[in-house]
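Note that chain A is present in both complexes that follow, paired respectively with chain B and with chain C.
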Partner chain A sequence: MAELADKTNLHIKPQKRMSPWAVARRKFMKNKLAMVSLFFLMTISILSFLAPYITTADISRVNIGSMSLEPSAEHWFGTDKSGRDVFTRLLYGGRVSLLVGISCTMLIIMFGTLIGALAGFFGGLVDTMLMRFTDFILNFPLLVFVIVLNAVFFGKLGGVPVLIAVISVLGWGGVARLVRSKILSEKENEYILSAISIGSRPSKVILKHLIPNVLSTIIVQATITFAAMIVVESGLSYLGFGVPAETPSWGNMLSASREPDVLQNMPWIWIPPALTLIITILSINFIGEGIKDALNPKSLR
Partner chain B sequence: MLKYTIRRILGMIPMLLLISIVVFSLALSMPGDPFGGEIDPNNTDPEYIEKMREEAGLNDPVHVQYARWIANFVQGDFGESTRYKMPVSELIAERMPNTIFLGVTSLIITYILAFAMGMYAGRKPYTAGDNFIGGLNYLGLAIPSYIAGVFAIYFFSFKLGWFPFSGSIDIRLTEGTLEWYLSRLHHVFLPAVVLGALGTASYTQFLRNDIIESSRKDYVRTARAKGTPESKIYNKHILRNSIIPLITFLGFDIVTLISGAIITEAIFTYPGIGQLFLDSINSRDFPVIMTLTMMFSFLVLFGNMVADLLYGIVDPRIRVD
Partner chain C sequence: MNNIIDLKNKDKAASSHTKKETLLEVINLKTHYPIKGGFFRRTISHVKAVDNVSFSVKKGETLGLVGESGCGKSTAGRTILKLLNPTAGKIMFDGEDITNLRGSKLRQRRKDFQMVFQDPYASLNPMQMVGDIITEPIHNYYPKKKSREIKQEVLELLNRVGLPDDAYYKYAHEFSGGQRQRIGIARALALKPKLIIADEPVSALDVSVQSQVLNLLNELQDDFDLTYLFIAHDLSVVKHMSDRIGIMYLGHIVEIADKHSIYKEPLHPYTQALISAVPEPDPKRKKQRIVLQGDVPSPENPPSGCPFHTRCPMAVDKCSTITPELKEVKPGHHAACILVD
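Now for the complex of A and B:
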């Protein structure tokens, strides 16, 4: 084994005493596809979150004078059926879509990691109980129950925070399972045994020793979840059960294409959000692949 | 194996009961009366409404209502749709064939695409063709079905006029004729391609990797040494071994097809179960919502169980106890 490790090291030729993170960063920076994707994602995010400073157009006001205009110098991507500028709405929509995606991802990763780590570390009855609960959550078809819950909260509570909460509550099962299996194999290592034997508290063992060692898996899972959540949000909004219709989001803008007239004759209304979604999801996937590659000590790139 | 199967099936029952409790509580907390279907909406006399509520059992304690609902449900009485004024079971039976037809067609398309691409990529790995197929799969995984569907309608229905963009059948045709069947196929094709493309990527990648792995095994070397033609090695010896693990995907396909059907049917306004579900949510048709939600959950449970069982059958090394 040692010989093999020496041979692989010859290929990478790392500088002296580079930390694993520095090695990973260097590998990531060399990955052109991932860097281009990162650039795209950053550009889209910055443009979206600075939307109020970039454009002055009003996104909510219905403008009867300029309904369904084709793209022109004044309206880069034209206007929609209510006379609102598509480009402006695209920027504002990005804020909502990315916000929902990031929030859901963070909640899902945090909760999934917590449950998975507890179940994996303690084992026994705790493990059985938590995993039964996880199985229970995993048995709910996400899309169906988000739609039903949306109907329950209809009129009473609503809007983006409720959507984020509902998706997160139903979505953490997969992460919990993954983290549990990683923790299960990681805790067999001797350094964990020695940490426990010198009297470290379970919370310290989990936070200081176990989580950092399964972090690469969690980070990769986070990128996958991020892309998946953007798909879920825009899919729900497309069906009319996601972000409220008056708030622009990429899914809501895309749902305009459910009118055959818009779909057939006014492609400038729905093609921009569709393409932005595709590019964003692809970028996130490429970044995820890049991170996975960079964090994998066996890959030679 | 039989013992394990029976245990898995019995294990589904408590899970289904828990889910039914969740569904029932959700229905109770929805705005409006979940079981008010029998009350005439035009009669607003409070006394009449009170009498009807009493008769429908809506004033009973919650657990009595739940017990009555679940007892009827298990016996196949799902209640009456408040919108269509007909039993839910009939309503579902009417829509079900369309969804099954869509699901089966999309599975066939998945298999055809995945086999063609996976076998090619597995036989010629790391070539331009393999990379191209890999790229296609990447796109297929990344592009959500609704975006693919919207583009498909725009190009193939509106620009080229090859396929209809909505419905499941040309209503002018009489049932049973050849044209009728062709029209159904014509209508289902585009949604089925969009739905089927979803699963293709994972099948293709699996098949490719498995073929590459198998091609290094001893039995393949033996076959080569005996002088078996290369095409026969790939199409017979290796493929037979690589197909088996693919069967386990079938269970997960059930799960994918459910959520896929809801979105795809909405894009193509295809009158199936998914469309019925969205319609009933919009019109607050509680008996239909509850029945369909239970049905979807059951199918997910069933799909996961099938996947687990198939794992055991395909790979006896997986211990089932």
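Now for the complex of A and C:
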């Protein structure tokens, strides 16, 4: 043994190893549609994030002097019926829509993964209780609940954080079920038994062995959830139950098209948010599809 | 290292095993899986995977456990390591009853018994580097150890099982089946356990690689003072590895003895059928092949009396009513058959 110890070289350099993640990244980079989508999503995010530096117009101040102007050099996308610059509101609206989407997705994925992993790993009574709780949450009609809450808290709480909290609390059920089912099949592998037998605690088995191996499913689910949450936010705002009307969001901007006059004669007010919304959701879905292909060892693309 | 001499003369060691200390003793072990069904998921019946199994393993010896698939040998191994909960019975490890150990006490004890798994593809986490796989057990039990020391230890282990240094930074999918099994062995060795349960460690490997891995296991037994419980369905592999052999059928041990007795004079009809199925390398020697009729009965609804009587060529009427006990027929040779006396 002593000889062996002398010969072993502690300073071996990690060569460029293809970890499963590195393989997936390379596959994803080759997917043109996904890369274009990623580029588009990044552009939208950066523009929205930097909105205060790009435009100086006031988003909330009503300007009677310049109502419903057509697109021009001064107002790139024209102005809406209250005289606010549509381009400015589009950028700020992106901030709110993406913020709601990302926050809801993160909370939903975190909570859903936690519940699903615990239920799947421990099984038995823990599983039964957590899953019945999940069923209870899944049975709550999200839209009705949000609308009722909005009516109850009208003027008192309101605002973006409350919307995020309500959507997240009611939205994690599907993710929990999905993660549970993946964990149930993954934990049958012998490496989980071996992790237990080498003395790893349950928390370590879940975090280090189970979650990394179901992470691909979770990531794909996260992109789908992200797109869905932006739609939910826009839908609620369009109906007037989402973010407060004075806060710009893509859904709030779209709600202007409820007036037939705007819908027919002033397309510059509603087409920009509608198009941005469509392309954003499409790109998120393409990215999700790309990740799914990249993480699937059987796909050759 | 003081019993290396014993191990070098393994046969001698086997014949004198009664003098040595017992490391593992299993007493009337039962593992039943409940079958749930019906509207309220009630337990309808049980699959009796392991039923009333008793045996003991001495320090430094290898006990082979043989049986056809579904006879409960893997379940027995996993139950002994407390990866499954026993339904009844007692597991004594190194003088301590570990049957009802739970939580951190059990985790502390796990250090002394490890397992080499059957499937080298499913038993290594595909998301971990080999270095991390082998580091994990050491880190679990010696969290204060310096990472430099651990790395040194892991590299030694890798070399000892025949893998190069640069395996440390590779992922499991970059290795062949035999090399993966070596990684699994290194992981089991990392904690310097007293007992290793090898659950069909070579059945998933090519024949040419099988012997390399078996020889490695044999060498390691000498170097690390290991005791093996060797589970397999290949009789020639078990003969090569074991000092004593237990034959399992439908959750029961039907015969247990040292390997020479088993091969020279098998007492139980099932053992006789198994031994007669081993291919004979000498074409001139004609052996009588005992071919068993029918299938293995379901362990959910095992036959009454002797579990083997439905397929036994020598069965008599009372076999279906009397359950034979495992009794010592000759010194060190136990069999469970009413016809053997």
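Worth pointing out:
Note that in this section the second predicted complex is superposed on the first by the 284 of 301 C-alpha atoms of A that agree within 3 Å, B and C clash if a C-alpha of one lies under 4 Å from a C-alpha of the other, contacts with A are read in each partner's own complex, and residues count from 1 in each chain.
Basically, contacts are C-beta pairs under 8 Å (C-beta built on N, C-alpha and C of every residue); 3 or more make two chains touch, one makes a residue touch a chain.
Because the structure is a prediction, the values reported are computed rather than measured.
Applying the stated contact rule after C-alpha superposition, one finds that A:S97 touches neither chain B nor chain C.
After overlaying the two complexes on the shared chain, residue contacts for A:P212 are found with chain C alone; chain B is out of touch.
Look at A:L282: by the touch rule set out above, it reaches chain B but stays clear of chain C. In the superposition on chain A, no contact is made by A:N31 with either chain B or chain C. Using the contact criterion defined above for the overlaid structures, shared-chain residue A:G235 touches chain B, although it does not reach chain C. Once chain A of one complex is fitted onto chain A of the other, the partner contacts of A:A195 are limited to chain C, with no touch recorded for chain B.
In the superposed pair of complexes, A:Q221 makes contact with neither chain B nor chain C. Ranked by how many residues of chain A each touches, chain B and chain C are led by B. Taken together, the two structures place no residue of chain A in contact with chain B in one case and with chain C in the other.
Taken in their complex, chain A has these residues touching chain B: 135-136, 139-145, 147-149, 151-152, 154-156, 227, 231, 234-235, 238-241, 254, 257-258, 260, 263-264, 267, 270, 274, 277-278, 281-282, 285.
Across the complex, chain A is touched by residues 15, 18-19, 22-23, 26, 29-31, 138-139, 141-144, 146-147, 150-151, 153-154, 158, 165-166, 255, 258-259, 262-263, 266-267, 277-278, 281-282, 284, 289, 292-293, 296-297, 300-301, 304 of chain B. Those residues of chain A whose C-beta lies close enough to touch chain C in the complex are 1, 4-5, 7-10, 12, 14-15, 17-20, 189-191, 193-201, 204, 208-209, 212-213.
Only residues 78, 81, 83, 107-108, 110-111, 113-115, 117-119, 122-129, 136-137, 140-141, 148, 151-152, 155-156, 159-160, 165-166, 168-171, 173-174, 184, 187, 190-191 of chain C touch chain A when the two sit together in their complex.
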